[in-house]
Amino acid sequence: MKPLIKGLALNYPVKVFATGFVVLTLLSISLFWFRYICQMSLSVKMPGDAKDIRIEPSGLVPPELENDPNVVSHSRVFASMQPEEKGPLSLGIFDYFITRFPGGRRSPGGHRSNVYFFESDRDCMYFDKKSGQIVHLYTKKQTMLDITTSLKMIQLYVGPEGVSETQDKTLGRFIGPIIDHGWLERRWIDLREGGLSELILYDKKLRCFFKIDFNQRTVVKGPKLGKNDRRHEPIQIGLLDKTAFELSYLNWTPPRIRIPDEDPNKTGYSTAKLKPIIPTDYDCDAGPYLLVLDETGRIDLLDKETLEFVKRTPEFPGVAGRLPGPETYFGPKDSVTPRELLDYKVWPLALTTCFFENPEEVRVTFGDPSYFFKRAPARVERKYLGMFAASLSRDGTALALAVFDEKGKRIKESNTRLTKYEGGHTTQVQSSKAFFFGAPWSPTLTIGKYLTENLHPPILSVASYFTASAFEAASGHRALFFLPNSFIAIKAGDRGENIAERFMSALCWILPSIILAIWLACRVSKDAVVVGLSENARAYWIIGTLAFGLTAYITYRLTRPKITLVTCPNCGKMRRPDMVKCHRCKSDWHVPELIPPVWRVLKGTEKVHEGSTADAEEAVVE
Amino acid sequence: MYALIKREIQDHIVYFIGAAAFSAVFIIISISLIHRYNPKEPPVFSIGLGVPAVTIVIFGICAMGATQMYLDRTRKISALLSTLAVSRSRILLARIITGILAILILLVPQTIAAGILVRVFTPHIPMFPGMVFEISVVVFLMAFACYCIGLQTGWNSSALTPSLGALFLTCIFIPLILIKGFGVHIVVILVLFIVASLLRTWHTFMTTSL
Amino acid sequence: MDENVIKVENLVKYFDGRCVLDGINLKVPRGCIYGLLGRNGSGKTTIIRILLGLEPPTRGQTFLLDAASTELSAKLHGRIGYVAEGHNLIQNYRVGRLIKLCKDLSLRWNDEFFNHLIETFRLPADRKVKELSIGMRAQLNLALAMAIDPELLIFDDPTLGLDTVARRQFLELAIDLIQQQGRTILFCSHILSDVERIADKIGILAAGKLVVDCPLEELKERVKKLRVIFPESAPPNLHLTEIINQQNQGREMVITVANWNKQKQTALEIFKPSSCTEIPMSLEDMFIECTKPNPEYVES
């Protein structure tokens, strides 16, 4: 082992690779910060108009409500992106802490805290990996016999087989539970009502939905998705929202009417004096269904009662919709997966019809009516109306908003645009283009970002072209060696050209990098000849410099043989003294500046010159 | 080997004392500030205190590496040791082990204290499972990586190159924690960087004239 | 086991484009005391540093105790005692600490012998090395090299800075060591009387080459300095080869010849000199003759 390690350490190629990795890491970190500064500056400068989308009317409200004569403001869905929030997201340290904090990231794929919420020691819920059970602690008001009330702390253990107040192996084990985080938002209401509603969760490993009733202390298991059934790969259920960072914002307002005591003759009105046409709950609620996001970007509907996916019928395709593909710099994408998006938000809409004991009293609300009425309705009918879905592109420069009706059909769609007024004409510019060129100094920053990307090794830039889609969108912003958000990588998503054309035009994006690599390779080649590297070594260095550009050049300068060259007396060029023959003219070694004497007194090498006596005799005769 | 390590420790005792003192001070500060901890809020204050503290520590470790090599070069310590019953590889290995010991003296007490404080002051639920360990591992690897940077830049007879070079490279390298956080990715990068740096240092030390 | 403890094969060394050693071949057999001589800058210390692995050669190979110098193990280092030119000790250590370090790192340590040396040299344990005089540093270096009971001793000008008494003490120590079987010494010094006293073999470096490499007695036989008086003026060319030096002054010629033999004698007698007397030379005289530059007799 020891000779192997020693041999490795003293081996020249090993030294080159080691030095190369050190240089690559340090250079990549430096270039990351340049790109980061350019990117953040562009985000801050992005024109505000290019960040918003508005669809009015929303298209999901029943016509009798939308077209009510009293309506002064139609239903509207509004989506906005906040690219300056990308700053923290780009940095892994923030992502690390935020995702591990209780409540953590609600997104799929990334790390998530096992503590679903934490209010205090007596009010929290977490997944205990050891036992495989969900532990829920809460306090409940209890009326005592003497009519006083007290708070009782309850600790429940929930497994696939049931609920218990003591930890019990017979409850079974969850392995990879995904809960509906929307339930966390609503639990306050439930607690106020004196009980907890049902929590639906999906276990990735067990491939099954579960409905947990904390009041009844029951667990209902839905049908198991087939092991080989790859049509359904749920990654998030209920509240579909990717990040804890507010990278995008989605909001819906219902049609609004004027508050009755407002003077109808008064011209103009303030929005503060308007109210929704019917009581509206702004929580994400899909009525009788639960939204389930698939890893393909498809959004399915799960029946809350049966815990089965809504089946496909001639009237209903069984799908609530898809995450819309934002229109990036090089064009839109037909379909996107959650991994490819920096953020997404989905807002379902449901209409609730409440029937009371008095048959003439029928009230309609948007969403869950729980807290609108003092007394509970006798019967409730819930109808799913559709959903709004907003997607933020991988590089955070484009937002798409789509509206899907109850049949899952896309009825409206819009992308972020910047409206420009030039010479009496208005033009719409894609928000991605506005991001890079739409604000003062943006072109300069964009060129800065572009040039910084071109200092990256060409081979890694080309690799980024092929591997961009393999990176999860957020982690792409933290990538060091590959650049999934570089111009060349974004070009990979351009569907407007065929594969070959797309690749060739992508190479044009890294032309400065290629030119730099060629120039540096020429310099390395010339120096390698001077320094006397072998033909093979020279060839490797040229290839390496063409592939790795500036990194390889710096590595070469650090690892080239540090030998002072001497002038060859034969050819007059500089040669290496550690070589037996001149590597230029192949002449033998000769040191003209040293003039040693002719004679030698070495053991066993006494010379006998026959001719000297005869020469002496001749000289005497003369 | 023991004699070589002992020699290194004695020659650079000031770093060991500094490491122990810093560790003690940091533990005391952590204990006195733990009452501010609110499990419902992100530990912004801790991060705000911890990041500059970690940075100072890592600069100190880098300086130790640079100083070890620089003093060796100027005082011709390895030139003497190489003529005794010691090989160059052992000299360098002893030096590296000394560096690791200094980092451990700095970090292990803090890790243990942090683990205890987290256990005592956080609710008895798996709130931050493995976080103390993950952060400690990354900080250790980052410190060792910067120490390796110091070893590389320190082998110089001019005082300027080791100090400025080490400072400059460390300033570039430490923000890697900001970029990557404390997860698996940074561990992989740090391990590869450490291996590469050590190979480079090894090669330089084994082939240079003493 | 090779009978040669030290082997140098075609050693070439360049420093910043300047050639110092140009193809040195050298062998030191076991038990030999080899005196390596040369003028300042001739490459003696360089050869020693390359032998000990402290300096990489530009070309060629060197071997110590059957191992290549670039791969000397710790065990082999432990069998070699080295006194460096300039006494390479850690200057800011105290003497006591340095002694303890060397003792801890040695394979063998002759405590009794070392303490005897320290007492003899009267070296203070509590003073820093840089506070010692040059002579005391030399003595300390010597004591450290000898205490490990080495199989091979390499001295690079070991008596530099020593007074006459201390030099004599060192020589006596060296002679003691010589008498122990199997010890080999490589000795470089500018004090040639010391070398002459103890060396078996002599090597002389000049212009990057080893021009002399033979036993001392043989050297004295083979290198002769003659005063030749001719009846008329001295002939300009005696047609003798391997003339180291020649000085003509009227009828008198003083000539130093390498590898003096009967043939050369016969060749000289043809010129019928009036007288031919040998000028006895000490090692110092021979060294000066061999290393004094003489542009007439150069390698073409």
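Worth a mention:
Going in written order, the chains are labelled A, B and C, and every chain counts its residues from 1.
The criterion applied here is as follows: contacts are C-beta pairs under 8 Å (C-beta built on N, C-alpha and C of every residue); 3 or more make two chains touch, one makes a residue touch a chain.
Predicted, not measured: the structure shown is a model, and the values here were computed from it.
Comparing per-chain C-alpha centres with the mean over every protein C-alpha atom, the closest match is chain B.
Contact count check for A-B and B-C (C-beta pairs in contact): higher for A-B.
For the pair chain A and chain C, the distance between mean C-alpha positions equals 72 Å. Centre-to-centre spacing of chain A and chain B amounts to 32 Å, using the average Cα coordinate of each chain. If you average the CA atoms of chain B and of chain C, the two centres end up 48 Å from each other. For chain B, the set of residues that touch two or more other chains comprises 207.
Looking at the complex, you find that chain C touches chain B at residues 49, 52-56, 72-75, 77-78, 80, 82, 84, 88-92, 97, 101-102, 104-107, 148.
Of all residues in chain A, only 6, 8-10, 14-15, 17-19, 21-22, 25-26, 29-30, 32-33, 91-98, 100-102, 111, 113-115, 118-121, 124, 126, 128-129, 135, 478, 480 touch chain B in the complex they form. Put simply, chain A touches chain C in their complex at residues 563-566, 577-580, 589, 591, 593-603, 606-609, 612-613, 615-617, 619-620.
On chain C, the positions that touch chain A within their shared complex are 12, 14, 16-19, 22-23, 58-59, 201, 206-215, 218-219, 222-223, 235, 237-244, 258-259, 261, 263-264, 266-268, 270-272, 290, 294, 297-300. Of all the residues in chain B, the ones that touch chain A in their complex are 39-40, 42-43, 47, 89, 123-129, 131, 152, 169, 172-173, 175-183, 185-186, 189, 192-193, 195-197, 199-200, 202-203, 206-207.
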